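Structure in structure tokens, see below.
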Amino acid sequence: MSRPEETGHSGSGGPGLSRDDVVHVANLARLTLSEGEVDLFTAQLRTVLEHAADVAALDLSHLAPMAHPIPVENVLRPDEPRPSLDRSEVLAAAPSVEDHRFRVPRIGTESP
Amino acid sequence: MSEDVAWETVIGLEVHCELATQTKLFCGCRNAFGEEPNTNICPVCLGLPGSLPVLNAQAVELAMRIGTALHCEIRPSSFARKNYFYPDQAKDYQISQYDEPINASGSLELPDGTTVGVTRAHLEEDTGKLTHVGASGRINSAHHALVDYNRSGVPLVEIVSEPDMRSSIEARSYASELRGILVATDASDGRMEEGSMRIDANVSVRPVGTTTFGTRCEIKNLNSLRSLGRAIEYEVARQIALIEGGGSVDQETRHWDEAAGRTESMRSKEEANDYRYFPEPDLVPLVPDAAWQERVRVAMGPMPADRRAGLVALLPGPATQAQSDQIRAVVDLGLDGWVSTMVTGGLRIDVALARAANEVAAEGEKGLELVRAANDLATKADKGFEISSNPFTTIVAMESGGELSATQSKALLSASVQAISASIEAGQPMAAALTGYDSRAQAKELGFEALGADALSKVVAQVIAEHPEEWKRYVAGDEGVKKKLSGLFTGQIMRATSGKANGAEVAAELARLAG
Amino acid sequence: MSTAREMAAAVRAGERTAREITEGALAAVAARDGEVHAFLTVLADEALAQADAVDAAVAQGRDPGPLAGVPVALKDNLCTRGIPTTCGSRILEGWRPPYDATVVRLLRDAGAIALGKTNMDEFAMGSSTENSAYGPTRNPHCLGRVPGGSSGGSAAAVAAGFAPLGLGSDTGGSIRQPAALCGVVGMKPTYGRVSRYGLVAFASSLDQIGPFAADVDDAALLFDVIAAHDPCDTTSLRIESPPTVRPSGSGVEGVRVGLCPDLIEGCAPDVVARVHEAAEALAAAGAKVEEIRVPEFGYGLSAYYLIAPAEASSNLARYDGVRYGLRVDAEDAGAMNTATRTAGFGAEVKRRIMLGTYALSAGYYDAYYAQAQRVRTMVVQAFERAYTSVDVLLGATAPTTAFKLGDKVDDPMAMYMNDVCTIPSNLAGHPALSLPFGTGDDGLPVGVQVLAPALAEGLLFQVARAVEAAAPEAGGSA
């Protein structure tokens, strides 16, 4: 299966990290940055990525990416019901509730 | 001016099947439809800080059954996070499978023998349920929304087909056959109206003879076979009209509006989603070894295709179209076991198929339940419940042996279903209601006695005597004339015998007398 | 102050009451936490109630548990039912979880007393506890200095004598580094030995909960209580192994110790000196000490600062104002998410979320995230090679003694450098421990670090005891 399509932000990244990249990434992460923050974060992230360039440059094609420190497989649980949470305790912590459901402002878009 | 282009339709289907497990995919909350909102939730399916997923063994079992039934390679697999923000997504990421799905490279054979490729069938978790509150309940005019997380975390298998289908009929056939398989494997209850099986259709067109794919549109969330067919047909027409009018198809997601009978663009201001897939660090690889796969295969019952083939094998000759249709209906309804039992017990297959496919089907869910239950009991040979005490089999046996006409048999089946249902509603246990019912006695009560051979000859002779002119023409006439007139005579004879006459016997008697 | 072992033994024997101990702890907190600020929530009523329950058990002849009556400070990213769990963030201000973390339940079952929830860098991101939305914690040895982070509150609580035991979490060094700066023992277990269920996730493949204590044996006691298989955590290991409090072997005769320059070079000279002295002490106790290079460790920092933020960016997506925590209202749900997260997260958290989102985004995944995971494999293999010729590794924990508050807040990269020596163990999932060994030129504590192979906690504690036995007397607070 192929990787998701590029969103129009091409490049090899790293020191090439632009202000636009930072704004785009902030959007993806649901964060708003002030102009000053964009400048600051761009500079700071560039520095971190410059250090990361040493990693990007290594030829590690002979190694598999490690997903888990300790190799374990087939961890399963039986299909048996366990007690659920008390609804009132959960909803008591919710910012907004209506009709025993979590209430949110209108959703402008369909689900991806 | 465009010439007359012959267009080819290309369709691929993505089907999301809710698995019929007791609990959710990653937690022990109950997997149940239609309950009070937010009553089946826990830290895991609510995505509370600190919660962690643990995989449901039965969900894996069912996913493997689906893979086996679809002739897939069952592979070592892993889970991945699909990251996106949406209120019904409790963690704002979905745990799914991406690079390494559990099932891949399979196929599904349609009843007519065509094969559709299945790319993959993988495990993932379902979202919560959104209710848009506002003018029309549709998302566009909503004022706010409400979220119920009962469905959040329910196990799904997403089955992706190759773009091998070429018509809405094929697509419906694929969806119907797939549904039959999902029910046969016990993976799903098949209740599309409850959302157990949700279909997205990818549709594109191209000129006949070309091999490159046209731009496709995805039509999301079709919840019935009828909608599937209608939506595809609308979309194909839309795309063709667009292209022939000089425009081009935009690759987009569209929503099917059932009421308006059209697809609508779901265009939003956002760019294409970047899901930033990466391996799920809270789960470990799933490696079903050969022994486990074999256990799954051995435990599976026959699939619809096998069951259809089983009935076809009982036919005296090659199946006609009508018989194929009846056989498909009988298997769809889960009545093939009953039909099989009757036929191997000596009853006429044409009668058994017809009554099952037509009359029992017409009795609705209640009747189907009773007939299936009667057969189940007989099959398990419960004490006091043998085949002979299956009241529905008795009726078919009476017709098969000539004691009842088709008309009478149909009426008796319906009356029996009503009577037995009434007993059960009045409090009788099902097995007792079934054993306690005497089909023969009921037949007598309804006046359904078979017409003896003498009585029939008398009536036939009488009707002939009443229509001398027509009889002369019948005797002298060719096949076409005979066919037309036999309808007249048969009708008269039926009236005179109050429907008790057996159609085949009448035809034989007329032919005999005509010489 | 008595050790946890002494306290528990006294309570179990009926010589002391849990209540008396708890009252003493609460009094110490009241007296001094105003200036240290180790705690975000002090559980006075709850602690006394727990203490009374322990005393009742003893009185009725029931087993009160191995930690009976011992106060424990809990990092505020551990879910405690009905009790605020903020993770040092505004976005969870006042949030009361409806469930307990597994380790919290294990502690309660062991008779321990939850004294309070401690301060931390927001969502465990930081090395100084200056990233807390609720103000920093100060190093009890010198109030103008940081306690380290992200588990600065728990480290300070033990260092200040508020509680003999603390729990923290360690993703890139967040237990060991504050332990070093505060002059206490801090240990990170093998990944999977302690359940993460109920630990608010930062970086899932790196996070582990671990103990703080004033000495090695107390840390081992707490470790034994919390190290258990948990069916609620898929990554939790099923291990049968003897408790580590009383080691099977004693002493370090013949143990091969690898003094690792890659875990020492680049540190301040006084820190380097202390590590060498610790090595000499081990040699004097009969260990075979030799230098061993593991240059792959040098790539650890970069790999960590791609993997951890990437996983964090996903783990923190759930803070969207919908189900719990802060909500800042807006016209539509998407805008509400954005407004909430913008208001609720601090700068370091935002920085790492963006870094992580970038590392995972289309076009960059392979060069950054996948590549960093390959570096991880490289580090694991490097450890394996090293452990064919040595049994444990020895190095520094933090590059310097505690720095001044405010010194590094404007320079993220400089702050990240604090983790150079601790990160390799997180990447590999191996256990490691920091214990105090003398002081720096400024009189502030120095920590030395022992690293062991996966699942070798017994050996880890054994070697640490030997180092501890030879450690110079701890300096007083400046």
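Lettered A, B and C in written order, each chain numbered from 1.
One rule holds for everything that comes next: a residue touches a chain if its C-beta (ideal position, glycine included) is under 8 Å from a C-beta of that chain, and two chains touch if they have at least 3 such contacts.
Given the structure is predicted, the values throughout are model-derived calculations rather than measurements.
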Measuring from the mean of all protein Cα atoms shown, which chain centre lies nearest? A
Quick one: name the chains whose C-beta contact count is the highest of any pair. A-C
Here the gap between chain A and chain C, centre to centre from mean Cα coordinates and rounded to Å, is 25
Using the average of all C-alpha atoms in each chain as its centre, how far is it in Å between chain B and chain C? 57
Determine the centre-to-centre distance between chain A and chain B, using the mean Cα coordinates as centres, and give it in whole Å. 40
Pull out every residue in chain B that's touching 2 or more other chains. 43, 46, 54-55, 85, 87, 145, 147, 274, 276-277, 281, 283-284
Residues within chain A bordering two or more other chains: 3-5, 7, 28, 30, 67-68, 72, 75, 77, 85, 90, 102, 104-109
Each of the following residues of chain C touches two or more other chains, namely 95, 98-99, 205, 231, 234-235, 313, 317, 320, 322-324, 333-334, 337, 357, 361-362, 365
Give the list of chain B residues in touch with chain C in this complex. 43, 46-55, 81, 83, 85, 87, 90-93, 145, 147, 274, 276-278, 281-284
Within their complex, chain C touches chain B through residues 77-79, 85, 87, 92, 95, 97-99, 101, 196-201, 203-205, 231-235, 310-311, 313-314, 317-318, 320, 322-324, 333-334, 337, 357, 360-362, 365, 369
For the complex, give me every residue of chain C touching chain A. 95-96, 98-99, 190-192, 205, 231, 234-235, 237, 299, 301-303, 305-306, 313, 317, 320-327, 329-339, 341-342, 345, 347, 350-351, 353-355, 357-358, 361-365, 367-368, 370-378, 380-381, 412-413, 416, 427-430, 454
Going by the contact rule set out above, which residues of chain A touch chain C in the complex? 3-7, 9-14, 17, 21-22, 25-26, 28-33, 37, 41, 44-45, 47-49, 51-52, 54-56, 58, 60, 63-70, 72, 75, 77, 85-86, 89-90, 93-96, 102, 104-109
Provide the residue numbers of chain B that touch chain A in the complex, in ascending order. 21-23, 27-30, 36-43, 46, 54-60, 78, 84-89, 98-99, 127, 130-134, 139, 142-149, 220, 253, 255, 266, 268, 270-277, 279, 281, 283-288
